[in-house]
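Labels run A, B, C, D, E, F, G and H following the written order; every chain starts at residue 1.
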Amino acid sequence: MSNNNNIIIDENRISRCGFPEIIYAAGKSSVDLVCATEKLLLNKINVLATRIKKEHWKSLNEKFPDAICDRVARTMTIMRFPVKKVSGSLLIISAGTSDSMVAKEAANSAKFFGVQTDIIADVGVAGIHRLLSRTDSLERASVIIVVAGMEGALPSVVGGLVSVPVIAVPTSVGYGASFNGLSALLGMLNSCASGLTVTNIDNGFGAACAAFRILNSVSKKD
Amino acid sequence: MSNNNNIIIDENRISRCGFPEIIYAAGKSSVDLVCATEKLLLNKINVLATRIKKEHWKSLNEKFPDAICDRVARTMTIMRFPVKKVSGSLLIISAGTSDSMVAKEAANSAKFFGVQTDIIADVGVAGIHRLLSRTDSLERASVIIVVAGMEGALPSVVGGLVSVPVIAVPTSVGYGASFNGLSALLGMLNSCASGLTVTNIDNGFGAACAAFRILNSVSKKD
Amino acid sequence: MSNNNNIIIDENRISRCGFPEIIYAAGKSSVDLVCATEKLLLNKINVLATRIKKEHWKSLNEKFPDAICDRVARTMTIMRFPVKKVSGSLLIISAGTSDSMVAKEAANSAKFFGVQTDIIADVGVAGIHRLLSRTDSLERASVIIVVAGMEGALPSVVGGLVSVPVIAVPTSVGYGASFNGLSALLGMLNSCASGLTVTNIDNGFGAACAAFRILNSVSKKD
Amino acid sequence: MSNNNNIIIDENRISRCGFPEIIYAAGKSSVDLVCATEKLLLNKINVLATRIKKEHWKSLNEKFPDAICDRVARTMTIMRFPVKKVSGSLLIISAGTSDSMVAKEAANSAKFFGVQTDIIADVGVAGIHRLLSRTDSLERASVIIVVAGMEGALPSVVGGLVSVPVIAVPTSVGYGASFNGLSALLGMLNSCASGLTVTNIDNGFGAACAAFRILNSVSKKD
Amino acid sequence: MSNNNNIIIDENRISRCGFPEIIYAAGKSSVDLVCATEKLLLNKINVLATRIKKEHWKSLNEKFPDAICDRVARTMTIMRFPVKKVSGSLLIISAGTSDSMVAKEAANSAKFFGVQTDIIADVGVAGIHRLLSRTDSLERASVIIVVAGMEGALPSVVGGLVSVPVIAVPTSVGYGASFNGLSALLGMLNSCASGLTVTNIDNGFGAACAAFRILNSVSKKD
Amino acid sequence: MSNNNNIIIDENRISRCGFPEIIYAAGKSSVDLVCATEKLLLNKINVLATRIKKEHWKSLNEKFPDAICDRVARTMTIMRFPVKKVSGSLLIISAGTSDSMVAKEAANSAKFFGVQTDIIADVGVAGIHRLLSRTDSLERASVIIVVAGMEGALPSVVGGLVSVPVIAVPTSVGYGASFNGLSALLGMLNSCASGLTVTNIDNGFGAACAAFRILNSVSKKD
Amino acid sequence: MSNNNNIIIDENRISRCGFPEIIYAAGKSSVDLVCATEKLLLNKINVLATRIKKEHWKSLNEKFPDAICDRVARTMTIMRFPVKKVSGSLLIISAGTSDSMVAKEAANSAKFFGVQTDIIADVGVAGIHRLLSRTDSLERASVIIVVAGMEGALPSVVGGLVSVPVIAVPTSVGYGASFNGLSALLGMLNSCASGLTVTNIDNGFGAACAAFRILNSVSKKD
Amino acid sequence: MSNNNNIIIDENRISRCGFPEIIYAAGKSSVDLVCATEKLLLNKINVLATRIKKEHWKSLNEKFPDAICDRVARTMTIMRFPVKKVSGSLLIISAGTSDSMVAKEAANSAKFFGVQTDIIADVGVAGIHRLLSRTDSLERASVIIVVAGMEGALPSVVGGLVSVPVIAVPTSVGYGASFNGLSALLGMLNSCASGLTVTNIDNGFGAACAAFRILNSVSKKD
């Protein structure tokens, strides 16, 4: 709906917040998207666009042959400039197969920021043994993002198993009384595991930013 | 607030629904309560009152020396007439120490109906090993009631471990975004474990009735 | 939206929970669906898919000539392997003509699990005599599922007429202040009939699972 | 909280709307209440106050020995001037014993307006035979008010049995997911019985006014 | 969504409730609609269908040349059999131009039941003089239906001007914080005018039924 | 609950925002209140405290004999220093007698800021003639604040009668489906009268600030 | 959905409220829109239509060559008659690029009313320096409209920087827990900056009307 | 309400999650509290109790002379055993004076875990210069907790100024449309500043745990 062809690049963001401006594609036309991408590249900033849609793909690929569009994650990335690797590693765990869309948005975003990232998918709490058989992976991670829809219970279980930071991402997966992710959101906010924090519904990108803030502040210390 | 001193006994309920009329004490005066209790005893019906308050205790104990008031469960029972034991056994599992009030209401109600009942308390999902160390108990039960507040995740885990009927009871335990039990209720309704069913918030009595309906229909078959 | 072509079969579910893995088709592509179906068949597991859409039919029928697609219930079943019949019978009662979609999802799911199932349709509470003329059917059932939208009152009436387990399924049928099934859901959670339990909105499959859990635990006892 | 000692009598209301000004006592002090009562009596208007509290009783009874305070209905009436009887009769039906507070507010208000009023109490839908045994009373009424909390299902059943106007009054009776009467309100708004109308939660007085509007317009016709 | 080709006619409804069965077209296919219409005509019952859609028109008009489809009201009527006129008259008042869809559904429904009906449109409270210039029409009516979206204030003003029954119909007209009619619904339920009653959002048909119940009970008295 | 004895005076607020810091007494102890008052007086700033409670009165009056506590408005004012009169006048209109608490908070706040203020009370929309008989007062005002609870309809009517700014203040007056002022808030946000603006529920003080911002910017122009 | 071809012009609105009738295009057909436009022009009233859609453009431009359709703001204006300029100036500030749709609706509406209007776009609170670098513009404005979605925090910051009236417009920009603008709406209603007022979600037109009411009343004073 | 005198110490929590079991005092009696404290001390675990009430103080101080009760923070701490200091520092920023209760709970909890902690209080966004004058403190912190009620805007501003992890804690401070913290919670979840994470309403303790998880994982790396 928006058609802002005069997008202003917040050039200082990287120095202030540690990560560059990215493009939130929802509500933007293909023309907007191409234009914003060009501006970032001209400023020698790698490009990450989230929430891209099918109708964006063609324009982006024609204009930027090195653009990588991930259809599940709905992300587009163009990596032309070097990225500083941050130390530590991120583990992303998702509860159901339908949650993988958000998990992959988080993974692609984290990788864009230079974070080493692994995913464990489809380990919902109704088959708790699947999670418990992976405790070694959990213990190796520096930060964990847990993505879950429906009752949103997985972060509570993970939070009780590890001492590292756990970021919970509710998804809109579900129907009826899930109320588009409200059930998962409330579940995570009320977790009986201490020290979880929560992002907006389906906000895989935000969770990756939060993970980057944590790992980046550690990296700076090194 | 109500002061109905002319409570009518629904004498046919036991033949229709399998369980007798019980007294819901919330909003009833001590006089109401004593009166209703007398009528039931006159009809040779054992008495169960739920949601009794501190101010009810004295009147009840003075009038009915054999009345047993459980201050945690907020129940009062008078057992003067024989009760048919139903076959099978009920297991009640509660997540946090504050959920035990509802768990005990369920337990006392189930025992009143002649159901053999055990309780496992304080096995929240943030310490999942506590639940997993009790799988033998889970497997022995004919029906399981799971009581949890906050994120209400425990029934999902239990439902994935057993094949028997699982009745989930959300509680109003929590604060802030628990919205008086709404978070637990929504979590349970959206469980990723198939075949759970849910009662109203804090409705331990209702869960016991549902368990009794299940076990009683089995008993009749015997 | 999801396109998981690497679906993992939870092979132990049948031994743990008594029923096999089924496919929830919402958000899955036809390719996903065909792939998951093949994996289940390879593992010698009969296939039930719920929430299938019109666009799924062609692919499924081409690939699996013995697939039965029920357009009202939105289910697909392939029965190649023997199913153990469970003892007892299930009665499904629906309130309005529009509720039959959910009632049939429940019926097809229950039959898939080996449960003998009957349906009484269109017996809403505004014409209570239609229900009361069927009391003999009600009394014969081992478990009853009651499906209703709008005010969701039918389970309360049924619950007051029988002693067997009653599972209430709210539907999203209605408009305006029905808020997509919220009114029916709240009505059922607050039923004045004791011992009802409730599933998520439109969750006919879940109700069938709950009925199977009850009848299966009885069957095992036999 | 309000202490308006300068209440203005809307003297024309009776000619405009057919019924006189009444006093809504919630939030008024005893002094306010006595003052408003005096003004109405000075204007030769009978007095009805609703939602009076225990602390109001003493002042009212001291000042107005002919004041009748109904502790259940929370109403106070002083009838010093003749009231025109309206033709036809009102039947008030309530679902549970706790709903009788609202039913009696409606009854006292209707009687104050000159309406002949009967009450059938405690005929909830979980014991539908109790209602059905009273169909002769239902058929004799000119207007029916149905008062119910919890799932609020009773008006749907009544609406399907009679052809006269049915006014549904949801009450705040219930707990947990009743959300202080929201469940009953939504249930009644979504009734499958055609032509029901609904008042605010606990608004017995408003239902009586609506019944009076109906009967009064009939009476004027005579 | 429903495709019930075996619709059962509730033949006794007219004797029980005073009005015949009508067809709620939402979620019905054209085939369903034609089939139900035929059954009613075979039973010598006039046909009213509400919530018909554009895609229904062609089939209905082809099959039933005397069918009248009102595109604004979304109703279809076939009047082949005599209708008893009820005494008294109905006035329908709507607040904004967008509310006329619901007002016309109410008008067509009322006329179908034999009620003499007038409409005053577009008299919202922000131009209160438009309503006040019509007070003579208001005073002549036996029953008034007031249809309003957005803040839903019009019924309060009308209710303060007349003594006859006033039925308030909230509409989903509005945007943002109107929450699809919730604002109008809550406004009407909380009206400061005594004795209003309310229907579901957009339920013009229901309001007409309620008006018919009132006028019909008066007519029977005559 | 707060006991901050080290309240910091934002001395620049008056130059930035045009009005001085005031004290929001809710949640403050009497000691807090006395302390904050002293600091403001030391800085030669007149004192306005809103939401004071009964338990605050004694301490305030003992310490500051010139403090004026308005028990209805729940405000305390100490006027020791000259106040610049702003040009123009404010009219505050309230719908019901219970809304006057908020109306008086607005009036006292406006007067504290040097605004000439009049009140018209008790002119609810159900007796619309009471408002219409005061149109001359409406036309004389420079700004109008309209205070209403329940359905919150009064601002719409006023907004359609005048061309000056209209600030709508919803109140928590009501019960049941008023949901503590939500119904009035939504009604005002969805007003069919163009150009109304709305404050938080019960925020009489905020409305007075908004009126002051308007009149003050006019005064500066003079 | 509405197709009112008999739109009545409220000719007195301009004298009562200071601004002429405008056309709210949502739910109107192109024919409706053309018809209403013609009537206004015949009455020598300039035309502003808001919420026009793509499908309206062609008809409008064919019929009225001087119609200006703003695709971002979704407004259409035809200025054939002189407009009185009001004194003072309006500043519109928007938080994110997606909020500009609403900001431009406000700007076009204000200009239509003869208000001199400037826009500062894309100054969200997460980059607060962008706003602070524009304080001179803020100080020059007579009235400020602040448009923001998501957390809706910008009006609080602006309100703390200026003494002139600030009108906050929440937008539906956001996803997940923004609940279509509810988060921004609640944020603005609860602002810690005193004297803000709020409009409905996405109501840029309403904010312009409110600004015009303020500036017009000042102008009249001149 | 709970009276569990048999509290079980989860002794392994410290090795699993990095922090010991603490006591949530809400709903616990003084006897419960003393008993739980004794058990922890016997296990050589320092004691932190949150949400203690006035009625708990006397018992705790009598029994444990070295218990420190913070009346604002509502915490009790007994530090008898050495605590490992974690590297890095935590900054807690609160928006209003009433938010300090939650900020102090966070501070006391963080100190209990060995985290060096500073507080900046009363820097709400309506006086943004107060925050901006403290940017040096912001830049020195390793992790920042931002506590705010009402519109909850402060975390967005802080998140835009720093690159370290920011944990947002909504508080229930506010009234009316703050809905007990819902407005602040939604505001924070929808922040336009990337990478914020959010806790439950008023959950200062949880935020401290999250900060500890971050700093502790850094410390372990050292």
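Heads up, the rule we're going with is that contacts are C-beta pairs under 8 Å (C-beta built on N, C-alpha and C of every residue); 3 or more make two chains touch, one makes a residue touch a chain.
Bear in mind the structure is a predicted one, so any value in this text is a computation, not a measurement.
S.K.: For the two copies chain G and chain F, is the contact made of the same residues on each side, with over half of the numbers shared, or of different residues?
M.R.: Mostly the same residues form this interface, as more than half of the numbers used are common to both chains.
S.K.: Can you check how far apart chain D and chain F are, centre to centre, with Cα atoms defining each centre and the answer in Å?
M.R.: 35
S.K.: Compute the distance, rounded to whole Å, between the mean C-alpha positions of chain E and chain H.
M.R.: 57
S.K.: On chain B, where are the residues touching two or more other chains?
M.R.: As it turns out, chain B has residues touching two or more other chains at 127, 159-161, 176-178, 182, 185, 189-190, 193-194, 200-201.
S.K.: All pairs of touching chains, please: list them by chain label.
M.R.: A-B, A-C, A-G, A-H, B-C, B-D, B-H, C-D, C-E, D-E, D-F, E-F, E-G, F-G, F-H, G-H
S.K.: Help me check something: in the complex, which residues belonging to chain C touch chain B?
M.R.: Going through chain C, the ones touching chain B are 16-19, 22, 88, 142-143, 159-167, 185, 189-190, 193-201, 205-210, 212-214, 216-218, 221.
S.K.: Give the list of chain H residues in touch with chain F in this complex.
M.R.: Touching chain F: residues 71-72, 97-98, 100-101, 122, 127, 130, 173, 175-178 of chain H.
S.K.: Which residues of chain D touch chain F in the complex?
M.R.: 1-4, 7-8, 10, 13, 26-27, 170, 172, 180-182, 185, 200-203
S.K.: With touch defined as at the start, can you tell me which chain G residues reach chain H in the complex?
M.R.: 95-96, 124-128, 132, 150-153, 156-157, 159-161, 174, 176-179, 182-184, 186-194
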